[in-house]
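After this come two complexes, each holding chain A, first together with chain B and then together with chain C.
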Partner chain A sequence: MFRVFVCKNISKIYKLLLIFILCFQLCGCWDYRDIDKRSILISVGVDRIENLIQFSGEIAGETGAEGKKNKEVKRVSVYPFVSYGENFEIARLDLINKVPKPEFLGAVKVVVFSKKYAEEGIESYLNRINGEYDYRKTLLAVISKDSPKKLFYINTNKEQSMASLIENNINYQTSHGKALYTTVGEMLSDISMKDIGYLMPYIGLENDSITYLGLGVMKDSKLIDIIHVKDTDGILYLLSKNVKITEEIPSIYKDENLYSLRTTVKKRKITTNYVNGKPVINIDLVIYARLRYQYYIKPIDDKEIKRMEDELSGRIKKYVEDIIYVSQKKYKCDIFEFAKYFKGEYPEIYRKIDWKEEYTKAIINVNVKTTITNLNLYDHNTKVKY
Partner chain B sequence: MVKNNFLRKIQRNRKSLDISLRRLKIYSNEIYITYIPQITDKKRVSNDIIRPILQYGKDKLLTIDIIMESVIYVDDVNKDYNEDKIIDYILQGKSIIIMTYEDKYIVCDTTRVEKRQIQAPILEDTIRNPRDCFTENMDSNLSLIRYRIKDENLKIDDFTVGKRTKTKVAVVYIKDVANDKYVSDIKNRIKRIKTDGILDSGNIQRFIVNNSMMLFPEVGIIERSDKACTTLLDGKVCIIVEGSNIVLSAPKVFSEFLDSSDDYNDSIYWAIFSKFIRIVSLLMSLELSALYVAIIAFHPDALPVEFIIALASSRETVPFNALTEAFLMELVAEVLREASMRLPKQIGTAIGIVGTIVIGQAAVSAGLVSPLMVIIVSLSTMCSFVAGDYTIMNSIRILKFFMIFITGVLGLFGFVIGITFIAINLISTSSFGVPYLAPIAPLNFKDFRNYFLSDRTLAKERPKFLKTKDNTRQ
Partner chain C sequence: MNESLSNKQIMFIIYGTIVGYGIVELPRKAVEAAGTSGWICILIAGIISTFVTHMILYLSYVYKDKTLFEYSNILVGKYITYVFASIYVIYFFIMFTMITRISSELIKLTVLLETPQMVLCIFFYLVAYYAVIKKIRVVGQLNEIYSIITICFIVGIQITMFSQGKSINLKPYVVTSDMIVYFINSFKMIFSFLGMEILVAIPLTKENDKKIFKYSSFIIILLTLVYIILTESCIALMGADEVIHYKDVLFVAIRRVDIQPLQFLRRMDSIFISAWIMVIICSVMLFSYGAVLFTSKIFNKVNYNIIVSAIFLLSLVFSQIPRTVAQIENIIDILSYLGVVTGLIIPLILFIIMKVKKYV
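Let's look at the complex of A and B:
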């Protein structure tokens, strides 16, 4: 039976064999190596020590036998590494000599640049990440006040890697609208625009804890300033996807009574124009605010609500205008990606003008409309409206 | 004066076939009644043949015709002249009445067949469906179908297959519904069978399919009589084989293997959900282990970072590479399944325990396999039990190893090649001329909708791909 089948289908069998052989010869994944046979890097730090590039970071280590004996839940331990070299290649070679197995970069969660290295410029390393196929382009990049090596050598005593601590911290802050989670991919996209700058999370050790300290301002991929966390509200209203900022407004009736309001951006509309040889950037923000509580519970009337809405609008407008003014006059750099909007609307003009120059002269119109959506009424059956 | 050679013929084979020969002498007539006691109902021979002959008036004329028409009580009788067929009749369990001076003999159907009672299904157990199943007795099987379909157009064409076994095969269909082309095709294929013996419907299946080397089954198996009736009403053909409790149905397409009778009894939502579960399970059974190998060995970066680290740590003591690990574990699962099928039921449960403890717990504790591999193998094995007709899963079980191998060599690229090969194979297969992937390829939206919704109130027409004579159901 088999012989008959083979004889009848001999040409088909030859074709199949040919396809298989070609697959094996031309495009076989000959890099077969199980994940447990690789050194899994979970964080990378880049610093400059004198004339040498310093690579530091963490490698996911193997669980020891002790955990198994005690039948404990397995936890992955990490151990740090450091390597040096005149350039990335030599530093990498030094790293290869130190790791026990071929390194795997696909699990890197965070790249930490030292402040010093960021001031010199991080573009070359971002390009390296872009070129290395196994790096994730969605990995988080931060600037550290302290040396990355110092961060990675801290014993957290919680069997938790520094990479996780940093990533979780920034992730948490971002999800609550307090920070910006900037990935390498986004930075590379901004760099390719050439005319704009970008912002990066700035972290450091405060009381032996990893703390989010603010945002680093990057111009031409070089750190030019640090914006402290308490001064980042205007940036967050403009750039954060999930802003949640708490504002306190005093009552007009009683000074010591404060209204605690949480604001969110309901709608953000940025339009551009080019009038009299100057770019015009119109920013419309629709803000929803929720009254969380009052320090002393008092009835609220329409007048009070209106006043709160106006005060909030004014306050937010000021935050936004202030930070844009700083970017125009002090940094002379578009860190809010307005160029992308302008380029989208006026590509011909954008090609002709020097955006870096024009941005500093741009007219900015900020329009904020705040609505208080929730008055936090406890008694739904009250006869008085508020 | 002896006018025939019937007795001589019987005498020649009497010893070897253990034939009983009862001689009656009535007046001057010698009457012989011959049969094989093991396959003949002796009570009927005594009461319905011997007693009436003996009680018949001794002074009356007795001929073969008179005996047949006026004496014996047996309901199914006929006359024959051919002395060559006499042994065949006896071997079929019939009793032969011979008179020495007559050139013909009477064939009485006194066949006795040891048969078991109609029992609940084993292969096709359901929740809300009738539980009467086919048995090895063909008459019982046909009666179960006739009991449900009281249509004059229900046709049963009989064939005898097997040079030595002379097995009865019945081709059942509804004449004004089933496509003549499929019916005649099946009948011709059965007629062409040249073999010494057919002992089960599975033997017939091998002979009638397009290509016995095909991996996917082209013929469905049916254990429950109600399902056979549903199949006939759809316009298909059932093949019943004497001595087999499994009835074959043809043509059969891929999607029908994942169908279950329960889908038609519960709500539409449940039917869609269960079909979805079955399709996902089939894919999981085929692909899960292969994907494990691809991810571990070639593309760990396809997973979130936390998973990568957890995976690496769970495999740190495993001495095998992912390909060997997956291959061995799937092989062990197959061994366990095979062992549990062959063992008596009482011991079968022990195999389950041994499998769970030894293969699962102990192998992980010893660091021979990773816990994730155990989960994957268990899941993939469980998923392979969900199909309504289990025969499709046999193909999937074999293809699973093919997928593991090709993915182990070529990574996700190999995985895609494997899936493509399987898809090409499925698309180019046909069951008695019906495209195997119907109603998806070629796409027929109505049939596709009816298949997924499993609602008889919505399915006003029979499936288009069966090209039935009468397409209307309602």
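Let's look at the complex of A and C:
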């Protein structure tokens, strides 16, 4: 009987089974937790307070509106946390004891290292990020002039998180060619090469606002110097993917007039050589510039354009040469990845030499060619013909 | 029921077995062998692999509608055939068991942190069991669909990875003084191309004309290219010095891809892991089919379905024996050598005997 019933209704049974299975499929994992049942960390700060590691950061609060009808709607966006421990594990345990729900690190936007902690070395924390599944490896990492805890606590009750402020700030600066967006993954890659250093954004609070202050120089993953934002142009011409730097050139007439120009790197070519036991690094930069405006409108002829181009070339060359000189003599560290270019062209020699040592003696040739591509569609030489 | 496979399905079977668990570690092995010149080792291994595949296919082409079990019987006699078949059963059985287990371990370590690996093993077995019990036709069809999907996913993701990497990390492309080392180390890379031995369990029919050789060459060239793209994209993204440290380097590299404009796709590892799971299912399905087929040839009086159920049950039990990931890796390493026996030595013996008999 049963067999006959099954044979007759086989398609219906399959459909029922399908619906039954789909019900399970639609409800997701059996041990899933809703987003409101998790403490979603959006920023993490690491600092050293005496002998203790300090973790601080922000946790995304209850999203959406809270409150009753006809009453003021209160929105809680983020709330800060802080925990301490002798090492990362104990500090994390302290954090677990303080947060009400299981924490989730996948939404962390930025990791902020205090200046003090960065000077001691950040490699261990970068390895921790690399090893933890939750963390995005493309996480932005910055060094802060102020303690991370101060940054996160000053932001209490504000709707926008400090993580977003920092990420947006660095993102904006980078997209406009004024900063470098360095991710944890890139830093780990540089660390593995051993012969090179790297740069990290340096931020701080200026008049209660998050401000990009410059770049931190990392040698062996330890902060050795801060390059102020006004001195980073040479670095940006060498490393930024999207350089847009504004330069002002005085007028030939020696008056108060200034030309405001915006420069971009059209072509960047780095080649290497090995001559008389010394590495030679040749840097060729092709710069395109656009005249934005003059302070006071005066005629511009070809000679003046040529003069501006030469002056710009000279200026950019000096920026680049100066910062490379500092890296060779003061930092004794290749922060521009020249080792990769040399290794690529002379792998056999690279294996034999100690690049850290050789870099300090390397001969650097910088060649900059600037072309002013347009005068912003403004005719500075108009003559009235009537 | 027609049990023959089309040329395309056989082509994808070669893809399905060669691309397996090993792709997550492939870039590391290539960099270990030759640094940034690892692509040369892959290329050489790919060329060798094409010849081996042709040899196995040629045997099946000459002896139409026969698997190794039948044509070996003609060439070397009953007893040696049983020895050969037993070797293949052991190889295929351990292979699909260990692939299932190590893949489950990897998924547990990277994505499903709380899920018991045994549950993951069972899910792999369920899909493979369904296909194997329906015999070669369904195995071929399912493998074809999965293979096309995975090729699209893998190539797409790798191109995205390239766009985020640094081209300077790929240099030097070749170090001329190391050419001999590249050739020697290429033989180690051949292990990454093992899998074509499954063809001994796939009979060719009259429908499979000479074009099958073109198809097989095409898929191995494509695979070699995919392998080179995989390796180069990982190097571009992470640098050769870092690639060398990770056993799951492909996952690590993919986690370093961040496509900011695509907010909902910023983490690409979840997409890749779906494609990778399909690749694993293909491998498990095909190797388990090989084990089942030769077992059913040896025990020809036992019902096919019973053999399938028994092998999968046994495999589940065996998959739980290794206690650590290192033990599984050791087993797979040892099994790779058996892969040389099943993929190269046995077919070569049969190939030589066939040629000799032809002229005697």
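In this text, the second predicted complex is superposed on the first by the 327 of 386 C-alpha atoms of A that agree within 3 Å, B and C clash if a C-alpha of one lies under 4 Å from a C-alpha of the other, contacts with A are read in each partner's own complex, and residues count from 1 in each chain.
Here is the rule we go by: a residue touches a chain if its C-beta (ideal position, glycine included) is under 8 Å from a C-beta of that chain, and two chains touch if they have at least 3 such contacts.
None of the values given here were measured: they were computed from a predicted structure.
Engineer: Which partner does A:Arg136 reach: the first (chain B), the second (chain C), both, or neither?
Structural biologist: Touch partners of A:Arg136: chain B and chain C.
Engineer: A:Asp36 contacts which: chain B (first), chain C (second), both, neither?
Structural biologist: A:Asp36 sits against chain B, while chain C stays out of touch.
Engineer: According to the stated criteria, A:Met193 is in contact with first (chain B), second (chain C), both, or neither; which is it?
Structural biologist: Second partner only, chain C.
Engineer: With the two structures laid over each other on chain A, which partner does A:Gly344 touch: chain B (first), chain C (second), both, or neither?
Structural biologist: second
Engineer: Applying the touch criterion given at the start, work out whether A:Thr183 contacts chain B, chain C, both or neither, answering first, second, both or neither.
Structural biologist: The second partner, chain C, only.
Engineer: For chain A, which residues lie in the overlap of the chain B contacts and the chain C contacts?
Structural biologist: Dual-contact residues (chain A): 31, 106, 136.
Engineer: If we count contacts the way the header does, which residues on chain A are in touch with chain C in the complex?
Structural biologist: 31, 106, 130, 133, 136-138, 171, 183, 185, 188-190, 192-194, 337, 340-341, 343-345, 347-348
Engineer: Mind listing the chain A positions that touch chain B in their complex?
Structural biologist: 1-2, 5, 23-24, 27-29, 31-36, 38, 40, 42, 60, 62-63, 74, 76, 104, 106-109, 134, 136
Engineer: Taking the touch rule as given, give the residues of chain B at its contact with chain A in the complex, in rising order.
Structural biologist: Touch list, chain B to chain A: 212-213, 295-298, 300-301, 305, 308-316, 318, 321-323, 408-414, 417.
Engineer: Over in the complex, which chain C residues touch chain A? Could you list them?
Structural biologist: The contact residues of chain C facing chain A are 109-111, 113-114, 166, 168-169, 171-172, 175, 177, 237-239, 241-242, 245, 252, 255-258, 260, 266-267.
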